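So that you can tell them apart, the chains are marked A, B and C in the order they are listed, and the count of residues begins at 1 in each.
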């Protein structure tokens, strides 16, 4: 049974073991996701050159693929990275930023899923719906739709590609295709800071690196985000100060904060 | 008559309607401009792949082109983006970062202007002077020259390319080639934070997306920057805290702040 | 004799003369290093297109090469930039981010050193050990090893390539191959913020631009980092607020702060 204890245990393990997380990610969020990983206790690597992917994936505990600012050369790097990770039994998280908003984003995400090796997909509702074939085009990358729709799409996607799917929203949804967990907490400022979803994906990478049960890792990573978001909101006056406080909170969040600010329940 | 009321009305409209602003911009400012747009109430898209430009420009309310970290492939994307925007009657803002400092920057800016479809150019004095053919080489991208020179250059440029020109400086200058507005306010910290000009350009995109009168949109965007800068300075101890407070201020700025901190007048 | 007075003199000179520092650097730290340079009083240029390198290097006071997110095209730009800088007697700083973690990073750093024109290498212990041929593979780019080992490697590297070597760590080490300086100060938050090493490298560029004695420039730049880190820590609650306070501190740091918080001594 995954619970708030799991959230705390995994946060604590990341801090204790400092997993290396390799990201092939978008230009917009490289700085903020690297800072989030460092504050959470992980060690970020950002690299996309095909010449060095094998060495870097091998020394990492997880690989994060994020399609936020795509180009053909980066797609090739992501594919190569995923195949190296699969060959070396490293978990891979995919963030399908903007899937549904363009054919390039949808098809790149789907082909990465079809080629295999993706342990976890972390997206918002419209992105997950687009990949499950149940959603209309997204409006930007920050849109939010009905949660029950997202849940159905998440289950479809998880079953089809045998992966965990985590959907960020007012209520976060995490599923392996059968069981569904809801995680609540966080802050209304989160959608007003660019890359909070990308940070969630990177934190998923850190939790996957230290936790063999990928379903538990996905839930604990989303719980970590919810706790840090809740702590940060109390010290914020807007999205700018929230972003700063959030990084502090990833470093400082306690078991008590999780118990106070986060709910984890099986649906 | 454009006034402080126009500034507030457009700030309020951006918050109410959440326009999508698509940026093909430089690596340095992607994160901070995305955060500025979100805080102002807009919805940012950052994408440069030619394969997806048509879909993304069509779902956006405005396109921002920023040449801060140029390369041949990105120039091609900007050209394609501008032509798609023109064909779909979407406003385009150009930020000629560093024009005058290299032939590549000057010629790229001028050819984008010559190909048409640019609604608004937002730059600093030396950049605008370089494009109008009246300035010497810039010293970096943060130099500041005499305002009356900038005004003359701005009018020349606006007339030649039938666009609005906004020049950031101690006093901001906005012109359609005939009428000139001055906007005062802001903070002395603004030139000490990288990308404040690029943020101004992005905010121009948001205002153009919700206001058909592009002259009014340019003035209101610069007025929004001036108000947020004034609010932020009061809570800052240096350029680092100013940057954070500025993002908060874009989210929180009120009509009263504008009346207190900003002047808008026709020259 | 290099001393705390040298640190203050060079900080003051950067503020007074505003040197232009051109960086060909990694995507992760472009924003934060540009902000650090601005806060310290310098004027940053970030540009990598071969078409404009000559013009921009010539108008700069120093060139920074940082291999954090490498690709073949960027390696070519770095090589071209270094050769233009050498031909124009501009100092060049190399930050061998992640050297030792991949062959691409190690060999790119070494070939830049072999081609000549590098005035200063600034790295962490594992990177310097990898380049000197004395270290094992780095674990990520944030690893820290024994200081005496680093010192030996730094001397070897400095002698071999006739450059200054600065090694960041709990105690910073700067050497010309013969004399060794230790700089202490800073904050335990520094390794928890991405790009603090890259910022140190950029500040080295600013100090090299205003100080002919490159050994003194390297020591004063590291002393500036140590002072700003010490000031920032007092106002921080975690790595997020530390990063903001650090940028403020670069702007505000006084001679008194240096005397209070930094030690500079010849070993």
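The rule is simple: contacts are C-beta pairs under 8 Å (C-beta built on N, C-alpha and C of every residue); 3 or more make two chains touch, one makes a residue touch a chain.
It should be emphasised that the depicted structure is a prediction, and the values quoted were computed from it without experimental measurement.
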Length of the shortest touching-chain route, subunit B through to subunit C: 1
Chain copies touching (subunit A, subunit B) - same or different residues, decided at half shared: different
Length of the line joining the C-alpha centres of subunit A and subunit B, rounded to whole Å: 33
In subunit C, residues with contacts to at least two other chains: 27, 31, 243-244
Of subunit A, residues touching subunit B in the complex: 26-29, 31-32, 68-72, 98, 101-105, 137, 139-142, 191-195, 237-241, 243-244
Residues of subunit B that touch subunit A when the two form their complex: 20, 27, 30-31, 34-35, 38-39, 43-49, 51-52, 55-56, 59, 73, 243-252
